[in-house]
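The structure under discussion is supplied below as structure tokens; questions concerning it will follow.
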Amino acid sequence: MKFVDSRVRVRYAETDQMAIAHHANYLVWFEIGRTDLCRVAGTSYREIEERGMLLVVVEIGCRYVIPFHYDDDVLIRTSIAEAGSRSMTFHYELRDATAATLHATGFSKHFWLDRESRRPIKADAEVMKCFTPFL
Amino acid sequence: MKFVDSRVRVRYAETDQMAIAHHANYLVWFEIGRTDLCRVAGTSYREIEERGMLLVVVEIGCRYVIPFHYDDDVLIRTSIAEAGSRSMTFHYELRDATAATLHATGFSKHFWLDRESRRPIKADAEVMKCFTPFL
Amino acid sequence: MKFVDSRVRVRYAETDQMAIAHHANYLVWFEIGRTDLCRVAGTSYREIEERGMLLVVVEIGCRYVIPFHYDDDVLIRTSIAEAGSRSMTFHYELRDATAATLHATGFSKHFWLDRESRRPIKADAEVMKCFTPFL
Amino acid sequence: MKFVDSRVRVRYAETDQMAIAHHANYLVWFEIGRTDLCRVAGTSYREIEERGMLLVVVEIGCRYVIPFHYDDDVLIRTSIAEAGSRSMTFHYELRDATAATLHATGFSKHFWLDRESRRPIKADAEVMKCFTPFL
């Protein structure tokens, strides 16, 4: 199992006056993808925060190929590009419902922070082990 | 001084495919209005939270009269309908830049909560005194 | 069949610094509820717009009872309070995943507009017939 | 004049449960920056669309250095990295109110499309001339 698929449907509120999904929503969909990956990996992101860690975003990139329209089904395909105890990078593909057509690609890079001090930490070995099947 | 005026400009991201500002954003603008009123009153909402209180929303109402479009200037006119130590109600008018044309009206009702316990509390007398000029 | 149930999970982006779902998102969830109701009724909202009609929001109300938190499952229960050829009113309940606990109630009132002229019209008889089972 | 400065204040609705501005909002702020640059250049983005053109986003990148918090003043400094009649690239810096501290950098790449056909076009010479002072 090398990636996790999530599905969202484009909300009316997510469209803009070009009658397409506004590009900032893609980052929200990426976030859904990586939290679903964490869940499938056996450690929900909610649980990660409850253990006192944050996975903050330090870099984002997205290429927009084909727009999505209102009510379209969006397939979010999330994989791990790099899983370090200091930082992690996720990779995303946004596809149509059949997965045949690529609409966008992107990545997000993250640092592990201590939730209280907001300083960089090394992630829990137990959490990191969850990600092994995705490497 | 019975009301506070705030100004926002409709963001592209706030439009939807009807080519008008999506109606959920009005609640965000109301929030800007009441935090500006707090600031003018001499107690920023940031400070209210730092004192250990939350002003949570318990009811919202909005009537939409004339839509706003992308790049329109929005005048948010906020007043206090009720200021109790247990609950507060704000009233809002959204107008065009000249204030001549009414686009929407609304209200929000709030309870004071303790930030830690999330239980109802009586608001600080010092904070409540700030709101006196608006009553 | 008197109501339609939709499900969403609270997105990280939908939380605010009170660590609850921001109240403006409830309006977006209501919108998901009523478009799902339209779909179940046999006339997707996308199709309604393609027929040249808009169902614009003219009034919104929401009472917030229990907050939702990140990653919570939200059950959106949508029903029709009034279905006229001039205006429609939807009613909403937001509940936990089991439907046992009520978190919020709300309504939205709408006018039918012609998509081009943006003037009030009488809705298509064919569209209105779809809503009959919900009355 | 090589850049344009815009100012926004972090909205409560823009925070997340990390108690910082959610990273997707940075793209919305970039959008405010580039539409302000267009306005200063003498051609509002509203006008660009009225002329039948769209400036669609084809790529986005953002590096997050220091988070913003609720009620923070954000300075958006927008410049043009490339202005072609086929595509344009904007560059952004997000700074604190004094401009002294860098919080984030980013870019957005755009294609000019015909508003009706949604096909690539060459931008109006008149529009492009507006951008000359920024090159």
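By written order: A, B, C and D. Residues from 1 in each chain.
By our rule, a residue touches a chain if its C-beta (ideal position, glycine included) is under 8 Å from a C-beta of that chain, and two chains touch if they have at least 3 such contacts.
In this text, all values refer to a predicted model and were calculated from it rather than measured experimentally.
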(request) Please identify which chain has its centre, taken as the mean of its CA atoms, farthest from the centre of chain C. (result) D
(request) Have a look at where chain A meets chain D and say same if over half of the interface residue numbers show up on both copies, different if under half do. (result) same
(message) With centres defined as the mean C-alpha position, give me the chain C-chain D separation in Å.
(response) 33
(message) Suppose each chain is reduced to the average of its Cα coordinates; what separation in Å results between chain A and chain D?
(response) 24
(request) Take the average of all CA coordinates in chain B, do the same for chain D, and state the distance between these two points in whole angstrom. (result) 27
(message) Touching at least two other chains at once: which residues of chain A meet that condition?
(response) 12-13, 17-18, 24, 27-28, 31, 70
(request) Show which residues of chain C lie in contact with chain D when the two form their complex. (result) 12-13, 15-17, 19, 22, 24, 70
(request) Would you pull the chain A residues touching chain C in the complex into a rising list? (result) 11-13, 27-28, 31-32, 35, 44-46, 70-71
(request) Please give the residue numbers of chain A that touch chain D in the complex, ascending. (result) 17-18, 23-25, 27-28, 31, 49, 54, 56-64, 67
